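Got a structure for you, written out below as structure tokens; questions coming shortly.
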Amino acid sequence: MHVTYEQAQQAIDAAVKKADETGVPSCIAVVDSGANLKNFRRMNGAWVGSIDVAIKKAKTACYFAMPSGEIGKLSQPGGSLYGIEHSNEGLITFPGGLPIVDQEGVLIGAIGVSGGTVENDQLVAQAGVKVVGVCDLPRHPWRT
Amino acid sequence: MHVTYEQAQQAIDAAVKKADETGVPSCIAVVDSGANLKNFRRMNGAWVGSIDVAIKKAKTACYFAMPSGEIGKLSQPGGSLYGIEHSNEGLITFPGGLPIVDQEGVLIGAIGVSGGTVENDQLVAQAGVKVVGVCDLPRHPWRT
Amino acid sequence: MHVTYEQAQQAIDAAVKKADETGVPSCIAVVDSGANLKNFRRMNGAWVGSIDVAIKKAKTACYFAMPSGEIGKLSQPGGSLYGIEHSNEGLITFPGGLPIVDQEGVLIGAIGVSGGTVENDQLVAQAGVKVVGVCDLPRHPWRT
Amino acid sequence: MHVTYEQAQQAIDAAVKKADETGVPSCIAVVDSGANLKNFRRMNGAWVGSIDVAIKKAKTACYFAMPSGEIGKLSQPGGSLYGIEHSNEGLITFPGGLPIVDQEGVLIGAIGVSGGTVENDQLVAQAGVKVVGVCDLPRHPWRT
């Protein structure tokens, strides 16, 4: 199952609104459940470097069906997944990437935000997800 | 000068409308005058392979400030730019990518469309450009 | 919708059987409808260079929901899609890649074969597809 | 010497059986002694991001003829191999990749598993290796 074009637009609209409220120009990416890009927007004044960070956060959250920041907790030096960022042509493992899960607990895509602090990016991403679904999968293995 | 977020949205809205009229689900990308991704949308049912083709068409049109198809005329075997597709991490040199030029003749970005025949892609791209500018630069070297 | 593990195994089993009959050691790849690798096998004696060719054929057929060889007809010098191979990190556009479409006309994945002549690769790919579905989509846009 | 197609199939069959027992959908890759992909399977429900992690674990174990996790011990900040993950187009240096060594002490390939915790991945990889060989080389430099 994939996030639809309409859902992706709604999620990004809500994320842009939140980013505007917080005063942080951001890049926002939505990928489908195959980690392929669906919609993307770069707000005026957002960093050029945030384009790829936002896309990679969305892909990372989709690849492993969990918030990008959760992977980052495990990929620190000495952690069990140290260096996982080298896989899949580059992961971004700090907060700002969230899975999008539908009402039935099925992963339908993910959102990635980059623009300000990771706390702010995470808030913006959450604002995007909550208009189309939730961030949490009922259990692993998830149903796709 | 760069295409604004609002202009990029308008251009993609118009392109999506045209793609809907022609019945061809398409991917549509807008880049700024630095060839960095601004906005992107994949319509429901568009090919997964079109994501990258649309983005590369937009980048190609921006990189050289001319329609992607014009470069393709020069990059054929025996042509003066044969093999230029190997540069810039991959160009797409068939029609569907167009520069976006403002009222003063300044390049502000480019649009790339992939979804159907190259003729259709070109029509969809033109529909996107014309709500925010024109496709033609007054002369080369262009003003940026 | 994605090809299942069981379907991918059946398709590759049938393809390997056909490759054995024709006496051509082959590489056979199956991807899901998001063009992500599902199953892969390299038969004894198959070329090392065929690993990537088989995977790229499968991805190419999935990316554009058509046989890889059909794209190759359009990507010749002077053709409307000349140079499309530069997209998506490299396409392979000669025969041997086929979409896998289910009974309801939905793309569920693709198969790619590399090992011998393109005619033989195509036969092996067809043998794989036909145990789990068909190669033809009812129309574009397809349903996923 | 290379792992045969039949051995690769046996190893993956045993690994899939173990993964099923532990209830963790996994990706399992086998490479030959040249670190070139031999066989690969993605079980239903396995993470899309695990495809590349499993393949890179197998390659890493083969490249240096030791368990991927052993390299990870040396690649931590301050360690003698710090940053080695940047080589060979990306290594994965946490557990789940194991060499496959035949009865005569010769490296014939490697297996890589990704799907759950690194402890579980390691168990699944061990289950795969033990039906076709052992994980330990008698000494370095190894015989290939």
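Think of it as A, B, C and D in the order they're written, each chain with its own count starting at 1.
In this section, a contact is a pair of C-beta atoms (placed from the backbone, for glycine too) under 8 Å apart; a residue touches a chain by one contact, two chains touch by 3 or more.
Computed from a prediction, not measured in an experiment: that's the story for all the values here.
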- Message: Tell me which has more C-beta contacts between its two chains, A-B or A-D.
- Response: A-D
- Whole-Å distance, chain A centre to chain D centre, using C-alpha means? 29
- Task: For chain A and chain C, let me know how many angstrom lie between their CA-based centres, rounded off.
- Result: 31
- Residues of chain D touching 2+ other chains? 44, 48
- Task: Select the category (line, ring, star, complete, other) that matches the graph of chains linked by touching.
- Result: other
- Message: For a test of understanding, state which residues of chain D touch chain A in their complex under the given definition.
- Response: 24-25, 44-50, 52-53, 56, 72, 75-77, 85-86, 90-94, 117-118
- Touching chain D in the complex, chain C uses residues 4-5, 8-9, 34, 36-44, 48, 51
- Of chain C, residues touching chain B in the complex: 34-35, 60, 62-65, 77-78, 80-84, 86-89, 91, 141-144
- chain A-facing residues of chain C, complex: 2, 32-36, 144
